[in-house]
Amino acid sequence: MATRNILIVENLHHQFGKFKVLSGISLEVPEGRLTALIGPNGAGKTTFYNVISGKYVPTGGKVIFDGIDITGMPAYKIAPLGLMRSFQITNIFLKLSVLENVLVPLALHYGKTFSCLTSLGKEKSLAEKAMVILDQVGLKDRAFRPAFELPYGDKRLVEIAIALARRPKLVLLDEPTAGMNPEETERMILLIRNLSRESGTTFFLTEHDMKVVFSVAQYIFVLHQGELLAEGKPSEIRENKAVKEAYLGGALDA
Amino acid sequence: MGRNTSVKSQFISGVSIFGILALCPIFFPIYWTMILTEILIMGLFAMSFNLLFGYSGLLSFGQAGFFGLGAYATTISILHGVKSIWLAMLIGMAASAIGATLIGFLCVRRDEIFFAMLTLGFGMMIYTVAHNWRELTGGSDGLSLFMVPPIHFFGLEVSLEPPRAMYYFSLIIVAAAVYILWRVIRSPFGLMLMASRENKDRLYFVGANVKNIRLFAFVIAGVMAGLSGALFSLFNHMAAPSFVHWSFSARPVLMTILGGSEIFFGPACGAAIFFVLEQLVTSITENWMIVLGAILIPVVIFTPKGILGTVVSWFTDNKA
Amino acid sequence: MESFVVNLLNGLSWGMLLFLISVGLTTVFGVLGVLNFAHGSLFMLGAYLSMWVMHLVPSFWAGLVLGPVLVAVIGMVIEVFFLRPVYDRDVSYQLLLTFAILLVLDDAVRLIWGPGYHVVEAPQILAGVFPLFNHSYPVYRLFLVCIGPVIGGGLWFFFKFTRWGKLIRAAAMDREMAEGIGIRVPLLFTAVFGLGTWLAALGGALAAPHQSIGPSMGERVIIESFIVVVIGGLGSFPGAFIGAIVLGFLEAFGTVFAGRIQMALPYILLAVVLLIRPRGLFGEK
């Protein structure tokens, strides 16, 4: 059975003023395959995510998600279609409790945004769903703690939980292990692997930590100076000459 | 933060405050009953402001505009023959709702200082109308209500002229409005507001139209400000341009800072501190503002949570 | 034609005063990040203190020089004791703190000098009128029109060519970097707040013979200079200049073409600019 492509990017261009950040990127992400986007600093990874998730309107090209053309759509319209993202810098609701952090996207998902006279405390089904997600990422026992009290690694997990709350079809993870210690990184890798296998959500992540990429990704795209340099299975990428050069040799052997 | 316990304790404290307030006029002289009426009305004004400031992170410096719309529309409709207080107040709230929708639509696009300046600008435009459209608003003198029509309910006719009647009328209206505000804050929409305060970009990326969320809050706050303005005009028997001036917009801001923006009843507590202090200070000196300023400076510097907020966190910290 | 020239001069003279005041406000915001609500009160204090010196010495020029310096000292005291603790707080708390300072200063002035109005005479040399068409126009207002560009030019020179001016601009751009290259930022902040205060107070001292001195004169000025710096772009010098001139003209010509809504014009301008160019005319993105 041929798998469906959940994300199709066609000839994507983006530039800030005269500075070209993305020039002609085309790629496809099949449903269920844990895909990674790598590239040296400044290759345009974050811009790529920002364009796809609706932060910027691309200067050229097309983004098709789940059969729908989402090019230039604002982020708040893309998310309900089932495309969520996480951020490189922890970007959560700090003064809210961990549970509430997850309740925000859930309430949006179930159309409760403007219900202003019902009690949130009585929305038992929302709370149950939130607890399931917190259980998945391993934060269930910290559900009632305010998010700002959590250690860094746990805040990153809240970040993931928010992205997962709406049961999206595709999640873009922007450097999920950025700034983590080895232990936390290990935990995050395991989590992503499990989620990818079990949750029915497709994950597409960027990383600069090569160890993480090769241990977790099933398929890799390499971005270099705004262009797609290579793509393939981890073993193919590892042997790719152009990729090695782009990383100034060495880095990949580590 | 133990939110679940605090819901119950807030509700209980709300009900007991209402009970105490209902008994006050029995023990208080008329003069203090009137001060208390003013505290109730301005407390509601400050709490409606705090829906924007404390819960949504939007500092509005133009709330007097909506307060004034409510006051003027109520007064004008009574002067033009509306016999029912309820209808007049509804007209006042409708005027504020329309004003808040139009102005909010433009203001919610901006943040922080820019939001504050925009609301200040629009508030002052309403002030200019109140001040200059003499035919309708009476210009700089404002409009006087010589007689407040009696209210009718269940066939009973009650005059609002005695201060105690006005007090109980205000208490019931304010309590109902505060209950609605409380429901709003506890609702999924209230969570959206706090999320937009904490991190509006992230909220946008999980699929929320942040502008609409803010606009809805702006309209609720505007209507509540209009309701307090309507009550205030009945209480004072007048609507004056000073109700609409930016310095009047500063009042709920000061009260909220005094009482604390993170506690639901903080702004109302601030209103109480404000008026009681005013009474005490003005009995000694005319220079009440210098005392107010001198109190506010250390409050802002040393207790960013406000007076009630600081007291409450003392207690909760000691319990923990 | 006549009334046009008169209005033009009126607009320019008020615009120049507004420029001085707004430059102070915008510099303080640019460097310290604080929008100072008490700026109008410091303007008023400038008028009162220079009046006090004028009567004490008695010389107009002594008042014009010493008054603003005294106010600048008061401003620096305020910065050290009250603003320093709140730099890392939310913008709204800074706004509120300066609002509390406004309350104290305004009432203090009322306490010391009373609620009534005072009049300050222009010095002999600037006191007269000169013929303008069939009218006579006060020389003092012409003096105001000229002094604005002089002080503006002086400030420009200061920021562009002097060591202190360059340091301030560096600190405004990047506080951490400024600390990194060894600038004593707290000291610099105090100095900048002093400079901003001095400019407001100088505006007040210059305004004294132009309008009567009263305890509510700061209130009008603070709102107008807020409008100037917001439409010009917070922290922008040329923005403050253009904004002040525009506001001065709106005031002078507004009554001619806008009649009763003249009062609302500055606010309409503010709203339109903020909605179209959120960072003001000269603001950075």
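When the chains are written out, they are named A, B and C in that same order, and each has its own residue count from 1.
One rule holds in what follows: a residue touches a chain if its C-beta (ideal position, glycine included) is under 8 Å from a C-beta of that chain, and two chains touch if they have at least 3 such contacts.
Values in this document were obtained by computation on a predicted structure and should not be read as measured data.
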Which one of the chains is closest to the middle, using the mean of its C-alpha atoms? B
Among the chains, which has its CA centre at the largest distance from chain C's? A
Centroid spacing, where centroids are CA-atom means, of chain B and chain C in whole angstrom: 33
If you average the Cα atoms of chain A and of chain B to get two centres, how far apart are those centres in Å? 43
Averaging over Cα atoms per chain, report the distance between chain A and chain C in Å. 50
Going by the contact rule at the top, pick out the chain C residues touching chain B in the complex. 35, 82, 85-86, 89, 91-93, 95-97, 99-108, 110-111, 219, 223, 226-227, 230, 234, 260-261, 263-264, 267-268, 270-271, 274-275, 278
Under the definition above, what is the set of chain B residues touching chain A in their complex? 1-4, 7, 180, 183-184, 186-192, 194-195, 198-199, 201-210, 213, 216, 220
Write out the stretch or stretches of chain B touching chain C in their complex. 53, 59, 106, 109-110, 112-114, 116-118, 120-122, 124-125, 128-129, 131-133, 246-247, 250, 253-254, 257, 287-290, 292-294, 296-297, 300-301, 304
What residues on chain A touch chain B, complex-wise? 53-55, 74-80, 84-85, 87, 91-97, 100, 103-105, 107-109, 112-121, 123, 126, 144, 146, 162-163, 165-166
